[in-house]
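Multiple structures follow.
You will see subunit A twice below: alongside subunit B first, and alongside subunit C after that.
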Partner chain A sequence: MSTTPPNVDHTNAESPVTTAHSQPTPLWGTTGQAPRRIPWARLASTGLLTALALFALIGPLIWRQYTSQDLSQFLQPPSLAEPFGHDHLGRSVIARLAHATRLSLGLAIVCVATAATTGVALGLLAAWRRGWVDQMLLGISEIFLALPALLIVLIFAALASGEMWTIYIGIALALWVEYFRVVRARSVSVLTSPAIEAANLLRLGPAHMLRRHLWPELAPVLLTMASLGMATAVLAMSTLSYVGVGLKPPTAELGLLITESLPYYHEAPWMVTAPIVVLLLLLAGLLGLRAQEVRR
Partner chain B sequence: MAPLPAPSPPRSPAARTDHDYSLARAVGKVLIRRAAQAVSVTFAVTVTCFVIVQHLPGDIAFRIAAGRYGYDKVDASAAAEVRAELNLDTPAWQQLGGWIADALRLDFGASLVTGASVTDELAHHLSATVHLAAVALLLSVTLGTVIGLLAARSRGGVLDRLTDAWVALVRALPPFVLGLVLIIVFSVQLGWVPAAGHGERGNIVLPALTLAVGLSGLFARVTRDTVAQILESEHVHFARTKGLAGHIVLARHVLRNAGVTLVAYIGVQVLILVEGVVVVESLFAWPGLGHALVHAVFWRDIPSMQATVLALALIVVVVSTLVDLAVLALDPRTREMQ
Partner chain C sequence: MTIELLDVRVNHQGRALVDVPRLTLEPGQAVTIVGESGSGKSLLAHALMGSLPRSLQVQGDIRFGADRSCLADVGARRKLWGHRLALLPQEPVLALDPTMRIDQQVAEGHPRFLHGRRGRLDALEQASERLAGLGLHNVHNTYPHTLSGGMAQRVAFAAATIGGAQVLITDEPSKGLDPVARDSLARLLSQHVEHGGALLTITHDLDLARALGGELLVMQQANIVEHGPAEQVLTAPAHPWTQRLLAAEPNQWVPSWRGAGASSADATPLIEARGLSKAYGGLPLFSGLDLEITPGERLALTGPSGSGKTTLGGILLKLVHPDAGEVIHHPDLADGRVQKLYQDPTVAFPARTPIRAGLRDVTRRHRVDPERVNMLMDRLRLDPSLLDRRPGEISGGELQRIAIIRAMLLNPRVIFADEPTSRLDLLTQQETMDCLMNQVSEQDAALVLVTHDIGLAAAVTDRNLSLDNADPVSMAPARVD
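For the complex of A and B:
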């Protein structure tokens, strides 16, 4: 979704997401680099994400009742016990927010894990076997490249609207392609390098190559893609329910919370602001985590 | 007086021996790849939609008959007529064959909800979407390039840092939240432009602005980084050393080189643009493809969904093809064949 992808140029399989090693090592002496700068963006993002994760884990335990209605508390303003007050049905806003954050983070992690596992496995397979396996998988990935992620998720939403599994499958299906393309392109260049030739001569098995040659090359890229992919998943889910084809109302979900509270933005601004701020912080944290790598 | 040296012969083609520049071959390669992509997308979307229709709850013949005659006038005989007319009794694979043949003729059947021909509605939606997308893209390219250039000129300065912060904010801002903020500020509070709709003056302002702000952040970032890199290159240093004025260096050496990267980047942007179109059109009730798609998904109107998804995917393919060709025209290095 529109949290833009790394500089993954989909038109071109060889394009790397990041080029982490920009400074060539000199033959002697030091690299002459300035002392390492403190990565403020990463520190801030890590702190932000930790706080949100804690809120998502502990919040639902403190504020358990997120669907219980009490109309006598219609649009009650914030108090000490209820920092965001109550909504138009008298439900606790912070309880709904905590459950929504847990849902978003949980779904994002599951989707990215599924997509990354599939994409990496297929990418390695294509790079290893080449030939018709490679050609077939590349052909399939070309189809997905022409379909923006949101369209794939929407098609699945039509299959059975409002059910969690359609959103999960849709997002995972939209995300696997970039892992496949990047892993395949990088692995091909590693597997055709002299180092692998030497390893073959020494009869070191595939496990050695994976651990010592492929993994160090792939790991940083995968981490970057995972944090961006989670942002995509969070955004896709909230957008779907915002336009009315995602999860169904009693569920607490960030997009739904925004839709529900919008008519009351004049009377109860805290109710609209809270989910928007959580969504923004979540996205900012995920995007900022590896911002330096994406930048280069 | 020494004789003038003989004019040197034009650079011999030998200088190019280890390269093989062929525009025609490069163009052919791009066209074949993109055509294959278009065909396979059409096939995949059509098959998926067919499978979904087969698994829709209820009798599909009843649904189609209801779309035509209204829900209160449907009976078993009307449904049987529809079934006979559309060959719904034949085995699934035969139906699929007919379905694909229809899609190739751009005949997507009738909407399950309104009963109108999907193809007729598609033309209308397509023009609205292209209008919106073109305005948004133009706006974002202009805005992004100018901001990026200014930021690159004052690297490390206040403007550069402001741009950085702004780009980060825009990236973390989901389009629907941005649209809501714009509606509340410009339409509800200030009353400058209408909030939603189509056909009146000023209707396009907010949706186009919502799309453009998101995209221009990315353009600004890419422009800034590319231009900063080019400004530090040796040929720019040389152009300065030989005394060219700043604006000539900018026009001849910096912008032309940056153009290649920026045009290629539009190809990446188009995916984001199409997603943005879906969200923004729903938000502002702009009667384009995205709006129609969300409606079709909500009502499970699969023929309409098939047509709109295909149209959006083909827009992506067409724009990518144009971008590929433009890059080939701008940058001879990409024509090289291995």
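For the complex of A and C:
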């Protein structure tokens, strides 16, 4: 070391010293690579959701008839061909379950997609324009926040009872607010940051800001919220059917399936257990994904 | 009581980060360690304190008077925290709890704080007294965000010393402080020494080292290369590394870019400001300010923290509206020919995007040859692989140089540099300023440099606009040493 000349130049970019420089300053107690843990929770929930999605996609193709009644099959116990037996009207329980899962998952995806698109678009608009647009949208969102989500869905369900679109619009209306609020709050802080000031001075357009500044900041939060929102939507749908204001029989829906089979709880416990288990697995899968909080 | 560290070694994956055979702290004596960032000086302090990250292995012994223990025995040292050993952390604004009133925070370090209600009240009273003694009379029940950097530093000092620790370790205490605040900090630390305390200061600020005096150790790449009384080491350095460190002080620079930018006084100004006024929270920062920036000129905006330097810059760049007056930009400045460098470059880049992607957006938008990025990276001696990292993952000096590259891609006519090197150590500062000034004179751009370092302003600029509160606006040519 003592041979280092006083005005040594810095061409030695590969030397270990310079590499040491480029290391970020260690945060006390957490230097070095964090030990990589295998994300068991995420693997398990992804597997679970894949299995359920396959059941929802392929199931209805295998067990096509979910409404055909055959009273001679009244409360037939499970067999190899019919893993969950037949219900009180002699309908195949597995077929109804497959169709119900497809309906729940499909409607949940559509609801969340609608709510997220609306919420993100309005949130970005409010954060970008500020002023009266922001104030107005904030006011509207506060009205929705003040009402319980289920009440909104119930109001729509009351308009046209048992129709699919009322459920869809009701749930989407209940869900968009959270996307709006979160996206707006995060975008405001990003858009007022020095990074955006620098991007403006560099004359980089809105596409750059959206892609490099806003999207990387919003995406992880949105994914978390979407999986939680799906769980909410599935649960809301089942709750509505269960209390009798949702979809009408003979549509196969998880909540409806539970209501229908409850009176035969003693004679055919498998019949009421099956939809409950599917519902629980669906929620567990979605919440397991959500357990991967945004860790930075 | 004397504290001795013997054969200290800190290793990370087989590489020695600190290798110091002996370090002695005597009561009533100040020991200062200087060196560039990454030389291991902070790690040495944390090895003494027992607060090293777990991923680092430490070897060696520590002797408190007669009893000797192993440095790796962190638990034993932890018991000494507060009443024997205390650490004044880096950047006190970040170290203070933002949700606690400051007297409560300071009181928590008092030995009687946990001894019932009476002890707690005693501690609070002591804390208020201590804060008043440090000149913080009316702020003892406010929150940290209302304090200036210098005040926060004094609060942190009160919190660190209320436990009665004889040994005080300070880690870069002058980071981000202006000269006035730094001098009062130096007085504070000297008082601790005069009252019989032992002081270990880690810094890259040679002015602070000068003010503290005592014993000075120079660290380079894990080793102590020179030690001796501060005056002697700082005036007659023996080791080449120390000489180089001293030569990196701005008033010692022998710049190659000096006088390169021919300042044409008669040329039409690029930025013209008339009658600017701005007040912040009822307090006027400046009023009736006229200013012209001509092509190729180097202007310094100096003044203590909070004097409105950055705000004035923002107004000149049309990022902030003045309360009165107007700013006229020359038509040449359209389309991004005014660029800004930030004090903390990490906040000026999109945080979660690799740097390369951000730069690619710039080259695409302005149809710059992407090869120019590589060429500039090469010229500024930066490893191209740095571009694949995110802004938070490379050092401040490197990122600041990349920020300079990014600004230069647009061939700017005016560069506004807001304290571009105040968070960097001397060597990195010299390197970064060198790189900036070479680019500025090559592009024949005008430079507006905001700084509280008078030496830096004198070394780099031709004209100095001081925004001192006592003397709001004075125009004077900078002294050139």
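One rule holds in what follows: the second predicted complex is superposed on the first by the 260 of 296 C-alpha atoms of A that agree within 3 Å, B and C clash if a C-alpha of one lies under 4 Å from a C-alpha of the other, contacts with A are read in each partner's own complex, and residues count from 1 in each chain.
Throughout what follows, a contact is a pair of C-beta atoms (placed from the backbone, for glycine too) under 8 Å apart; a residue touches a chain by one contact, two chains touch by 3 or more.
Keep in mind it's a predicted model, so treat the numbers as computed, not measured.
Asks: Could you tell me if A:Ala158 is touching subunit B, subunit C, both of them or neither one (first, second, both, neither)?
Replies: After superposition on chain A, A:Ala158 lies in contact with subunit B alone.
Asks: Applying the touch criterion given at the start, work out whether A:Val245 contacts subunit B, subunit C, both or neither, answering first, second, both or neither.
Replies: Only subunit B; A:Val245 stays clear of subunit C.
Asks: Regarding the shared-chain residue A:Leu125, is it in contact with subunit B (first), subunit C (second), both, or neither?
Replies: neither
Asks: With the two complexes superposed on chain A, say which partner A:Val110 touches: subunit B (first), subunit C (second), both, or neither.
Replies: neither
Asks: Determine, under the contact definition given at the top, whether A:Pro216 touches first (subunit B), second (subunit C), both, or neither.
Replies: In the superposed model, A:Pro216 contacts subunit C only, not subunit B.
Asks: Touch check for A:Leu48: first (subunit B), second (subunit C), both, or neither?
Replies: neither
Asks: Just to be sure I follow: which residues of subunit A are touched by subunit B in one complex and then by subunit C in the other one?
Replies: Common interface on subunit A, subunit B vs subunit C: 1-2, 4-5, 7-8, 10-11.
Asks: Quick one: in the complex, what on subunit B touches subunit A?
Replies: By the definition above, subunit B touches subunit A via 33, 36-38, 40-41, 44-45, 48-49, 52, 55, 168, 171-177, 180, 184, 214, 218, 225, 264, 267-268, 271-272, 274-276, 278-279, 282-283, 293-294, 296-298, 300, 302, 305, 309, 312-314, 316-317, 320, 323-324.
Asks: Touching subunit C in the complex: which residues of subunit A?
Replies: Answer in residue numbers: 1-2, 4-8, 10-11, 13-14, 16-18, 20-32, 193-195, 197-199, 201-205, 208, 212-213, 216-217.
Asks: Which residues of subunit A touch subunit B in the complex?
Replies: 1-5, 7-11, 139, 142-143, 145-151, 154-155, 157-159, 161, 235, 238-239, 242-245, 255, 258, 262, 265, 276, 279-280, 283-284, 287-288, 291, 295
Asks: How about subunit C: which of its residues touch subunit A in the complex?
Replies: 12, 15, 37-38, 46, 51-56, 220-221, 223, 225, 239-241, 243-244, 247, 317, 319, 335-336, 338-340, 342, 347-353, 357-358, 361-362, 365-366, 381-383, 386, 392-395, 397-398, 406-407, 410, 431
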